[in-house]
């Protein structure tokens, strides 16, 4: 520090502010820099991708990206991915949120068992479950449908939906609901008018999880869809065996839509401060 | 609950709409080969152009899971399977349609025999072949040990060469596919063991095998230590992290195609018992659940046509299995690899091996015996003799369980191949 | 509506859903672990546990979880409280910090390999700054510590956002009055964090930790990309049994072992961070 301040109080506050801002900047850099490297490699010619030392400025070679643009079936796969992710989002919340509410508000027999069942779902690898699921789907005609895949992805997303909504409902005082009841609300209207707005951010959080889980899931998508392949099954599955420059470009193409989605819903996720200021 | 019923209705409506769109017109070609995105694209646009085929390459896991699910369910969408010999030999022959009466096959009687999978009739049709070769950056050539001929290297010369490169550049620049998806086990089974012990199973724990592993340790000492991450050596050749490499021909191809003037391809080295090498065979088969048998058979016949085989060569860097005259305008990688394989087969000390046969679904366990030996001896530095004696019991158990007879270069056996 | 029945009605959809799409296939798979074709057996468990790589992969998985999860928790808490204090640009900063959420583990592996490989970005940077003469080999068997560090860094980068989002949503629910009151009584920011934020955040902390720990035991793709064959983990071994050795019995046994470990840790976390009924806001 070059400036000498006679007041030690403002000095520490300034120093604190400086530490705070640099921490924020540092953490942002920590997230962004690796992605920036991905961008550089995506926008580089194959030669540059393999060269050393690497450039730190992209050269805007669109060769790798345009390879994918001409890839037959990209758009259909993109559409399928969005459809599956959208259905997963809706189903996981519609099915999951009531359970989260029940877990936070009621003591009932079998509650612990139920919670464990929810968690079990996430603790067992899907690639092992894919075989019996695929047999079931082929027999019931769910095979190779966007809806069938969304069912499997919903299974993956449900633990997030239930647990996140549970923790948020737990954070909302029961008195608030009770107050609404005494003011003439039924259980349902108290829920929709008082509780629901409060947990909107949480719902958004679980929606993001559902979307991202579905978007990035490869194995079930590769096994359960043929004609209706999702973008991940179509593209990412074979990326690791592809040449470097296409690997990066493909990775980039997969990352971008997820980022756009999170960007689009972020204001719901982060809108809670006003509400909490009740 | 009204909202929910509405939603359920909407969702099932979408499901019906979506499934109605699935009209099975195309034959689904479900393959583990030609996976990299541009190869898959070339398969669709060149090899299968004009055919009503949906070419879908997959990783081994999804490939197998989907196939098994269809077999279990008793009905399916897969028309044609494309995979390696080992994938098919792990299957129950009853699940594959007999293709003996199809009238197509490889020019090689050995391949056609392998494709019977121990039955009386062809269970798959050999589709394309490849091998493993060496490749080097031309910058490495000046470091060749004195008197060494690149087309007739020995393992000792290879080790000396890689040592020279390391001394000159300060970096170990031999590359070995020891990564998770690398094909290191084939190096031990088809190259190192035949070259040092003239066998694979019988000689697994012989004294010659101990020598072979000592050489492997010497080679590893001059190998890029990041090799445990390498699965496709073309990447490291291009980035020049590696100057000399051993790998599958199609996993080196990109280096030659991108910078044909910078690299040379040459035969694998030789040891005391010759120049061991082995082929890679990919085949096509039809599962018993194929929805349209005739269409599937037509695809198989199409794939075996000479002109399709040449298109496949261009698309995948896998060589034809039928007799065809190769055109002159092939991609650089194909020319380089073709030359190296030809020199390898024609060398005076050639000691060709065959693919493991008769192992059924124990092929993976068989590979693991060799990979474990490598990880314990070379990476963990355990005593060679002790490791081999320990792994030997596992190998013997696999041979006894499957009853697989010996294959070349092991001497033939009555019944299960013995580990001596 | 009957209040005693209500919770069951609420959990009915999830239960049905999970029974059909999880429990049913799960039981079929789990059965394979205890069956060798002729009847009940523990052979599969003996086989996988007796394999020489099992202790190594178990140790690796646990060590990695032990190294990564606490850092992620601390980092996520720090980020969440920082964001909470922010007046300007909150939206943007939070968005940036949640970006890794959208990146699959496969893509994360590709990105971090590009950083750590021999001709990668880290070496380029270091040689650009004149710190090294020629590129170093970070991911080699000679430096297991660096390999571990690289994997841990990639995991921290990729998966901290999962906790962050849950915690941010939870912090938002803590009434501002509590902080205002604490400020009136002259509590330091540090004290406010320990006395208000942490205790009231317990439900969210619990969720975040449980989910993160369970996912940590399933780590695979990032490890495979950076550690290659050097760093075996439980999930990698499970896939090897299923898809390389075609031994679904052994694969199921491995998966059940991972499941048991996950349940064990889940119960510990649930107990440690129990939310007593009376202690709710």
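Observations on the structure shown:
We call the chains A, B and C, going by the order they appear; numbering starts again at 1 in every chain.
As a convention for this text, a contact is a pair of C-beta atoms (placed from the backbone, for glycine too) under 8 Å apart; a residue touches a chain by one contact, two chains touch by 3 or more.
Computed from a prediction, not measured in an experiment: that's the story for all the values here.
Ranked by number of C-beta pairs in contact, the top chain pair is A-C. The chain with its C-alpha centre at the largest distance from the centre of subunit A is B. Taking the mean of the C-alpha atoms as each chain's centre, subunit A and subunit B sit 37 Å apart.
Rounded to a whole number, the gap between the C-alpha centres of subunit A and subunit C is 14 angstrom.
Shared interface positions of subunit C, defined as residues touching 2 or more other chains, are 119, 135, 239, 242-243. Residue positions 50-52, 94, 127, 131, 239-240 of subunit A are each in touch with at least two other chains. In subunit B, the residues touching two or more other chains are 61, 239-240.
Here subunit A touches subunit C in the complex through residues 20, 23-24, 27-28, 30-32, 34-35, 37-38, 41, 50-54, 56, 94-96, 98-99, 101-108, 111, 114-125, 127-129, 131-133, 136, 151-152, 154-155, 158-160, 162-164, 166-168, 170-174, 187, 198, 201-202, 205, 208-209, 212, 215-216, 218, 232, 236, 239-240, 247-248, 251, 254-255, 258-259, 261-263, 266-267, 269-270, 272-273, 275-278, going by the rule given at the top. The residues of subunit C lying in touch with subunit A in their complex are 1, 4, 6-8, 10-11, 13-15, 17-18, 21-26, 28-29, 78-79, 82, 84-86, 90-91, 93-107, 110-112, 114-115, 119-121, 123-125, 127-128, 135, 157, 162, 165-166, 168-170, 172-176, 200, 203-204, 206-207, 210-211, 214-215, 217-218, 235, 238-239, 242-243, 248, 251-252, 255, 258-259, 262-263, 266, 270, 275, 277, 280-281. Subunit C makes touch with subunit B in their complex at residues 52, 113, 117-119, 134-135, 137, 139-142, 224, 226-230, 236, 239, 242-247. Note for the complex: subunit B touches subunit A at residues 4, 7, 11-12, 14-15, 18-19, 21-22, 28, 35-38, 40-41, 44-45, 54, 56-59, 61-62, 65-66, 68-70, 72-73, 75-77, 181, 232, 234-235, 238-240, 254, 258. Listing the residues of subunit B that touch subunit C in their complex gives 60-61, 64, 90, 170-171, 178-180, 224-226, 228-230, 239-241, 361, 364-365, 367-368, 372, 375-376, 379.
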